[in-house]
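Each chain carries a letter (A, B, C, D, E and F) given by its place in the written order, and its residues are counted from 1.
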Amino acid sequence: MSGFSTGQDDAELRATLTEVTTATATALLVQRGYPNAYMSEARPIQAGARACGRAVTIRFGPMRPDLAVRLEDRTAHMWQAIESLSLGDVLVIDCGGDTRGGTVGDILAARIKRLGGVGVLIDGAIRDPAQIRELVGLPAWARGTHGSGYPPYLVSLDWGRPVRCFGVTVLPGDYILADDDGAVAIPATLAVEVAEAGVETERKETFIRGLVEEGESIKDVYPPNEATLRRYEASKREAGR
Amino acid sequence: MSGFSTGQDDAELRATLTEVTTATATALLVQRGYPNAYMSEARPIQAGARACGRAVTIRFGPMRPDLAVRLEDRTAHMWQAIESLSLGDVLVIDCGGDTRGGTVGDILAARIKRLGGVGVLIDGAIRDPAQIRELVGLPAWARGTHGSGYPPYLVSLDWGRPVRCFGVTVLPGDYILADDDGAVAIPATLAVEVAEAGVETERKETFIRGLVEEGESIKDVYPPNEATLRRYEASKREAGR
Amino acid sequence: MSGFSTGQDDAELRATLTEVTTATATALLVQRGYPNAYMSEARPIQAGARACGRAVTIRFGPMRPDLAVRLEDRTAHMWQAIESLSLGDVLVIDCGGDTRGGTVGDILAARIKRLGGVGVLIDGAIRDPAQIRELVGLPAWARGTHGSGYPPYLVSLDWGRPVRCFGVTVLPGDYILADDDGAVAIPATLAVEVAEAGVETERKETFIRGLVEEGESIKDVYPPNEATLRRYEASKREAGR
Amino acid sequence: MSGFSTGQDDAELRATLTEVTTATATALLVQRGYPNAYMSEARPIQAGARACGRAVTIRFGPMRPDLAVRLEDRTAHMWQAIESLSLGDVLVIDCGGDTRGGTVGDILAARIKRLGGVGVLIDGAIRDPAQIRELVGLPAWARGTHGSGYPPYLVSLDWGRPVRCFGVTVLPGDYILADDDGAVAIPATLAVEVAEAGVETERKETFIRGLVEEGESIKDVYPPNEATLRRYEASKREAGR
Amino acid sequence: MSGFSTGQDDAELRATLTEVTTATATALLVQRGYPNAYMSEARPIQAGARACGRAVTIRFGPMRPDLAVRLEDRTAHMWQAIESLSLGDVLVIDCGGDTRGGTVGDILAARIKRLGGVGVLIDGAIRDPAQIRELVGLPAWARGTHGSGYPPYLVSLDWGRPVRCFGVTVLPGDYILADDDGAVAIPATLAVEVAEAGVETERKETFIRGLVEEGESIKDVYPPNEATLRRYEASKREAGR
Amino acid sequence: MSGFSTGQDDAELRATLTEVTTATATALLVQRGYPNAYMSEARPIQAGARACGRAVTIRFGPMRPDLAVRLEDRTAHMWQAIESLSLGDVLVIDCGGDTRGGTVGDILAARIKRLGGVGVLIDGAIRDPAQIRELVGLPAWARGTHGSGYPPYLVSLDWGRPVRCFGVTVLPGDYILADDDGAVAIPATLAVEVAEAGVETERKETFIRGLVEEGESIKDVYPPNEATLRRYEASKREAGR
């Protein structure tokens, strides 16, 4: 039934999801029992960018020197996580909201982009946002900015495991969809469903907004009653969809 | 004495107020005993827009299912408040700062605009800010953005009554003036006075800034002493005002 | 050894520092034992501006009427601090994070600029940011915006003494460097060192980012190992630096 | 079927509810679709007190002088609300979390108690908690304490309407149950059900805790499996309940 | 007219103020134009203690190593401030609310007490509160507790100057009055007036509370009308005051 | 050299650590390069209790229904972590500061105690604190209290891994020391050292406090100069230690 066949290319799925707004995806997830998937505090470092990719996760905690020693160097997890990236991934960094150290700067961002990464999402601070935006061109969302690298105050704990990010539990492999309004974590098992329903929802809402702009009262058309839904279906037939 | 006659059109008053900055209106209200009229956390979703209109208020609280049931549907107050709008109104939404659900999205915004509403001010979250800004064209100020509609976490309590909004008590009928810097609630009884004094204040401050830019010390001209005020009056006479 | 001779013009030092990003300056200060010099909450009122100047400090506290009386008028410290400014100074205002009153508006900003001030940094609220940005042209960083002047809620305590600003201790005479990402306080004794090392760091990071963009793994080049450093030195010789 | 007959005295219902902990009542409300009924920030001014009563609500907002004037005096709503109290009521005060003014002090508390009020619950500040606790003897829960009365910063907006209180929507007539751990709002239509199920839940949990204290693993008894539930039922029969 | 003659001992004034609650002192200061004198976040480390003394102030900021060096050691200001204390002083410590380091521990508290200090008030963290309470016996109010001393994160900036403390400007020489509910800063010039009016206010409120407890409505007696005030005056004459 | 031999019983080490205050342990860890080991927001549910045990960790995140399904039931990790406890363990629960659901209630606390657990430390909410304190007798520290269990808003992510707790990174096996003032995480490799140095530090500080109470100036004895240290050593010899 799905427009996405078994052999559906992940790139196509991500491309379709990218046409869906975070608002629409969030609402569809609410309807499917996920009221807590939206990350409003995820601020973009650029205007107008949209990204969709699979989450690769890494987790940071407040610095303690024995961890830095035990991991041989203070960057091991981060370097492993980044080198694991492949086309269509988003690096998701859980700092517990701690913004006392920039985690990704322009050089790491360049590597992420080179490996096919399509974005970074940081519940903490980013470093060098201007260079990442203008020189590297990697879309990024973060809670804040910090001039320092992370070692003085933060240390990585592990990567590739579930994380908390802006009040949402993110699992490795979730689809992260992000735009100017924030980000949303879409469980992999729901991604096709959200992509298909999302495109349809955007069309229906555009149709309804058109009616409202022509002067119809919201009482009749939003949420749409039976008559309005029939008019929408008719409009689709007319448009040959 | 007032430049606004009895028959003064409300549209003219709103137009005059729109020439006044929120900063100037705030300062004039402080002088008149209202130190708490400014809403600095009211963030615009667009750059450069200015709006002035009369407040139509609605109040939301955390969801409880019996309220949703008792009101027949979860949107009754909101739909009533919006359909009550007429030319020159601003919809003021008190969510108590709770940003867990977007209250107004692009379709409601389209209806508000169609009915003559000139803006929305939300102490909570807005939904679809990009579409509201670019497709609908309704100026809006909010505390945050949320991808979901409001029903999962919020429910309307009443409308048309006093509300708290960004730490300011707003009464129905107050004039809401908003620009890039925030918003201010002007009691209806003071609106003409603020409009007139505001325009005069903007002129006087422009005059003083000119003197400062020419090199005069602030000790003499700001706040203006008698001599400076006389120079200002002279400049007005020269300009034929 | 330093590229800055004894007679080094302060203007030249400030110009060199302005080429360094706040991120680079912050990291260099961390390496020199100053992990707490960066102010991430210092939000610019304009995009793209960079400023560097010596701190002139002033401190505000919550209003109490006896202080306002004793100082003859409520603005004495502020006026003195501003009139003390000379070429290359930055006015640093410590309000303890209290944003209930705008401290600097367009007229004071015009005076600051006229006297040679290169920026203001306010751990509190600014007033009239649009006019300061567009009419006055003085770069400014603040925690928030407020429409009112400061007298209703704030009063100056003293000026020319150490202050706290966005969680950083700032001394009079520190070099304040600020850009889109925030601000950093550079102790005067370290300013030359940070300027020189900063320019070198920016060059080296640009070189490394280039390698990464060409496809080299971060494991080899970032942080740079011996071989990478030799390649960088070779590149400098080639460039004739 | 209910242990509470039609003629059930409200006092008996309140007495039964008072035997239920806020934790048990909260969990029962979660099961009935009310996940948002508990107020953890409601701090008691006394240790060990428990209270249960029907909510009489009043709402405050930031001061504006025209409201104080229009209501003839600044205390009208508060005095009306208090004089409306009868046996078994709890005064619920919504200040929006604003603690800049004490709302109820020892004299108002004495009046509340004299009229039969069984407690006050304030999402704001209380005044004179030591005297209310030791001299008046009225149980109270609040967010904070303030030495001043409310007029300098707060003004009443209305009373007898829905309010927000510690992140919970409270309706007039809700049963407020409060103890050392916080407070919970129980919709009037669910009060009998919560009272009956609550007493049963407390008994069952005491039975299970007994098993655990004797060494049984939580895997078998908590949550109780069929066998454990049968043992509980048997224990009730033995106890003659 | 005053009960305090010219030769009034400061100890007697402090003793009288100690009979006044922080609530009453705060209300009297509001009436005299000081709406911002109360510190509700000042939490006592002991129950039931009351203290009143003259403020000796010290100010801390985030650590920077050059300050620690320049002051020869990191404790110079603190040691000077403490050794300056004499009978009836309260040490007031402004850490800007930063609780990352305990400022006063049991040994410094012992010295403060030995020198006649009657309390400490810390807008920051205290160390060793149990020992200070139980072994040293010095009343203390603070924002929090920290196990570490202050040097890792904080450094003193100066002492004997105006400070901000829990959102209140405190001047050296202010009378600090503190009890279970918080603390209040009383300007020295108002201390006698607050002491006298405070004792009278406590008496009048006790009289009114008595009337309320006997069943009179607050509408008649609180705030007291003319008749109630006459009854109070009569009660005073009867009591021979 | 150590007073703890190779065969040192862990119980003895924990007993010795329990004699050390969290303040002393924190200061010793600062000296050893761990400035971030103290958890000041860990509030005890009882007065006067002290606990020391090895950390067993569990991590919670915001609820998502697929996790609850995949783990077969919503409590699996928690039940496993608790059943893994043995004598001298402390259960450490990382909820990311989210207090929307009580994690441990009286029944789980009873099981923890039965298995030899000596405390729980929750960066989130506890349930039933009164029963845990009075009926179960298990010491507990938490950020808040919640009446509900955790399933509505929280779900466990994993256990037995590093966690963040009150701003401190805690590893499984760390010694958690907690008292009225908060909690501290002591790396296992430093536990013997902190225990020994801690007892000595407590003795030395008691000696110094005694000198101060007898009237010596802190300038000479705190921090102790050479002469004071010699007096302390002499006092130890006298006491036969």
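Here is the rule we use: contacts are C-beta pairs under 8 Å (C-beta built on N, C-alpha and C of every residue); 3 or more make two chains touch, one makes a residue touch a chain.
On a predicted model such as this, the values are computed, not experimentally measured, just so you know.
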Of all chains, the one whose CA centroid lies most distant from that of subunit A is E
Among D-F, A-F or C-E, the pair whose interface repeats that of A-B, with over half of its contact pairs matching by residue number, is D-F
Chain centre separation in whole Å, for subunit C relative to subunit B (CA means) = 33
What whole-Å value do you get for the distance between subunit B and subunit E if each is reduced to the mean of its CA atoms?
-> 41
Distance from the mean Cα position of subunit D to that of subunit B, given in whole angstrom = 37
Shared interface positions of subunit E, touching two or more other chains | 153
What chain pairs are in touch here?
-> A-B, A-C, A-F, B-C, B-D, C-E, D-E, D-F, E-F
Contact set on subunit C toward subunit B in their complex | 75, 79, 82-83, 99, 102, 105-108, 110-111, 114, 125, 127-131, 135-136, 144-149, 152-153
Would you mind writing out the residues of subunit C in touch with subunit E in their complex?
-> 33-34, 36-37, 61-67, 96, 98, 153, 155, 157-158, 161-164, 167-169, 171, 187, 189
Give every residue of subunit C touching subunit A within the complex, in rising order.
-> 21-27, 30, 35, 38, 40, 179-182, 184, 205, 208-209, 212-213, 215, 217-219, 222-223
